[in-house]
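Two complexes come next, and they have one chain in common, chain A, joined by chain B in the first and chain C in the second.
Up next, the complex of A and B:
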């Protein structure tokens, strides 16, 4: 598993030392702090973390979809030899949707309510293939809907988003995102708004699409079940920093960073595997700049953690950890 | 959610469906339809040419020959009022179309881009709204002359600020909606976002307001004509009321009553339609 990267040559997408901050009034809050991430071809990379860890900000920053209150201060997002952070808005429009696409959490609110499914698909297809005729685009739309497992695609074209269920709308969103054969799909909590059985279907679909289209997926989630099923490699984020990076198998069997251990434990507690423990409460420590960000919640905190921030240290077998316990 | 809007735009059958869904809307639409037919077939309905005078038949009371009597210089009030319907509807539609287009452009640019453009455009709106509109119209008509085209243009060019504010408010909230972000993530340009994602969703609250703009435009034209600023070559209800001002003292009540009834009924029907459209397009605001 760990070799999903080596097999596939150079990374398709390389994020280096990305720093994104928000301005809240006069305060500057750093949401993504020096994150470096690699995504290889045909690989699913999961970015895991709790609310406020900066994972969604990271996903929006890749395609520069951040709100005006956010600023990318530093870093490089390298895609096919180009730094996405230096492209003009026009050039970016050619990459968004065509090369890198995105699927969001709540499918129904991410589809325009006034257009039929078919019109939205055809529109997106034509945006990126101006030489295509209307009929060709329609045929492609039907083919796409079929590939994401929508039962009668011809009929589905004539429906409005509010006439379809959340699961169906998520399939439509995926079809939209895949309309022009992107090489990377960013999925931000793609199943959180769906019920359990539908979640499973969407997951199977994503896994299947990954294999068929040799797609790379960047999966943003807090759901470790999703990670275990879909991901090849995992980055654990906490308070804007990557705390641990590993292949999915050894991440689950041998978590190193105390935060990763805590995350995995909380799943055990929620599913009743460990009834003696309590889920740790989260407390915000946004203003910390010195020391390890996790030290307030860390059961093993050392005096060193107060003053010095641990670096990312590679361990054997490709695991990378940011913790003084292993420094 | 503007669930009914695309129903409106999609085809005739659903338009009937929407009309049937709201009784007031249907009533108003039927009333207005009568006026539209009157306006279209005015030349068939009218018994005289509205501008034709006859000094021997001045202030003739309503009779079989002159259904609504005549004015001091013998013009047939019935024919005048029938042709006046055409005038009123042309004013309503054209002036509204002008202000609607300006309002959309200003509201979309102001709401979507914000910043300096927004600041400048909204201050223009503030200034226009702080000048008494009707007086502004009077001054403009006096400056540029009482031709029918001038009157329609002036009414249209001065009626957009309120509409523009409504559009801007809608755009401000739509801009932040998830589907706009999703469209951006799929590579839509600003132009696409404004025209294809935001505009169609911004229309539901604007359409009823535009209908009210139409009734206000008709009233404004009637009022201008009543003050003697109407185009004398165009039969307008307001102009007849201007004439009635003197005729009434000679007992010519019909010159006052019939045009007034038409004005009231047309304004009423449009306002009922505006109200009905608001119920159908913005169901959450229903009281």
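Up next, the complex of A and C:
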């Protein structure tokens, strides 16, 4: 499990040098800046970052679901040998929702409030399987709801989203995402709107599903607990850039980038694992793009960090770090 | 033991909800909470959404009046002070009990500069202040240099900075008790850690007492001295942080503690406890123990009789007779295992 990449051949999804920017008034703000990511079969890749790191923009860009103010400036998103960024909208629709699906943070805003759960599921199933009959689709819907752990699925089909709790709605939206047997599930903060006990239910469900359906999951989150529980590999993002890439175990036991170290230190304080730990007080992001993005918060910043952006450097055993300390 | 600062006895808060034209039901948000908080202590109130923890915080801060029960602050009856005509008493209470809310985006007036926001408590309470007092306040919450912040508006600050302003405002008049209602939930991980550091520094320097309301168990665990675990408006377990977190006896607390994924390299190998089902509807709480619908050790009586809160060990209160009677002090491990196993059988 530790090195999921070697066991599973070529990546299912490959992002290369992706740049996404937003137009804000007359300015152009780069949210994702030259990100490259690989996802292998049946592995969970976590993309970790705080607000403003570009992690959600990245996940939307994969499926070309960005708002009109955003533009993909450069890059390749390779899925089964095809560049998703070059497909026509019609061709993309065969992949989006069918081979790559998404689960969002807030299920109540994702599900349509005026349609019954059953109608939404059946519609999705029929859209992607035109040869299926209504009854077959209904049977499939029941099977799906059962597989995501919804008690009495036949009855659940007749409910509207507002009649279900947040946790149940999240299960329904996972069922919707799985309706077409996708090979990749993008989960953007799938549990941050849920209570702890419900979060545990959803996490267990995602882990079970991964095992049962040999699914790949791209987990977008700020919660390192989720990462430790679910992910095989991690990309740490800061200010639109990947700062560190590593297998989960060695990221936690041996973080290299000063930002990753700050994240883990903060988590140690929050979890009370290290009562003497202190984190320094700067926050916010640099607006200029010269040099290292993290330098104004970095305790080890060198003069070189002011002027030159460090490249991503591979260290031993699959670890990749963007920092002059290791350059 | 230091001096008792706050005491709540069987505090209740019911909200009327119209269920149809002629019928009114009551949501029993807080349904009989008792607790004691001593000076200098951090007392945490833990629970999921709907457990009534925030409502209780609002009652303590005097923002709402309890439906029944007694609240005593420094040996004085809070409800009497709130209802009384004596403005001086009310001012005294407000000055000594402050609250910090979860969302610093909505708790600071967007049209006022930081200067005005911080000067407000001084003005309201007729306390003399000058520029240097405001500077000192900002410095004490780590907003340096203060000059740079005083003339800004809230929208010009980051989330963490705003939360610092909200904290500065709360401690401006050196209150005795600060209610912190989810003070870090809306913040990023690194900022969260900074605010926690700040809160513990301030507590020492200003000798404050905190009531921390949170659903973030790891945080609670790392900062609190004593803790109250709430489920559905009721206390299920209460005691010192050590007893409750290291030897929890209530099945709800045990389930909760084992359902958090830890940020450690071993976490992948550790299964999460899964509490089946969901919290019931607040309009119709189940009879008997409110947790019986999700409890792995529920017995027939649990569905009928509401278990009382009983002291099981020095200061450790528990509302579950089954756990102690049948599993004794090994309850923590045995019940934790039940959560894992009951689930394992059901996975296809």
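Criterion: the second predicted complex is superposed on the first by the 315 of 327 C-alpha atoms of A that agree within 3 Å, B and C clash if a C-alpha of one lies under 4 Å from a C-alpha of the other, contacts with A are read in each partner's own complex, and residues count from 1 in each chain.
The rule we apply is simple: a residue touches a chain if its C-beta (ideal position, glycine included) is under 8 Å from a C-beta of that chain, and two chains touch if they have at least 3 such contacts.
Quick caveat: nothing in here was measured; it's all calculated off a predicted structure.
Partners chain B and chain C, brought together by superposition on chain A, fit side by side with no clash.
Using the contact criterion defined above for the overlaid structures, shared-chain residue A:292 touches neither chain B nor chain C, since it reaches no partner. Touch counts on chain A: comparing chain C and chain B, the chain ahead is C. Contacts of A:66 after superposition on the shared chain: neither chain B nor chain C is touched.
Of the two partner chains placed by the overlay, only chain C lies in contact with A:168; chain B stays clear of it. In the superposition on chain A, contact is made by A:177 with chain B only, not with chain C. When the two structures are aligned on the shared chain, A:109 is found in touch with chain B, with no touch to chain C.
Our angle of interest has its tip at the CA centre of chain A and reaches the CA centres of chain B and chain C; in the overlay it is 80°, to the nearest 10.
When the two complexes are overlaid on their common chain A, residue A:198 makes contact with chain C while staying clear of chain B.
Of all Cα pairs spanning chain B and chain C in the superposition, the closest are 9 Å apart. Taken together, the chain A residues at the contact with chain B in this complex read 63, 65, 89-90, 93-98, 101-102, 104, 106, 109-115, 123-124, 127-128, 160, 162, 173, 176-177, 179. Interface residues of chain A facing chain C in the complex, by the touch rule stated above, are 1, 50-51, 147, 165, 167-168, 195-201, 203-204, 208, 212, 222-230, 248-250, 252-253, 262-267, 269-273, 275, 277-279, 281, 283-284. Within the complex formed with chain A, the chain B residues making contact are 1-3, 5-6, 177-179, 181-190, 192, 196-197, 200-201. Residue ranges of chain C in contact with chain A, taken from their complex: 48-49, 142, 158, 160-161, 188-194, 196-197, 215-219, 221-223, 255-256, 259-265, 267-268, 270-275, 278-279, 294, 343, 347-348.
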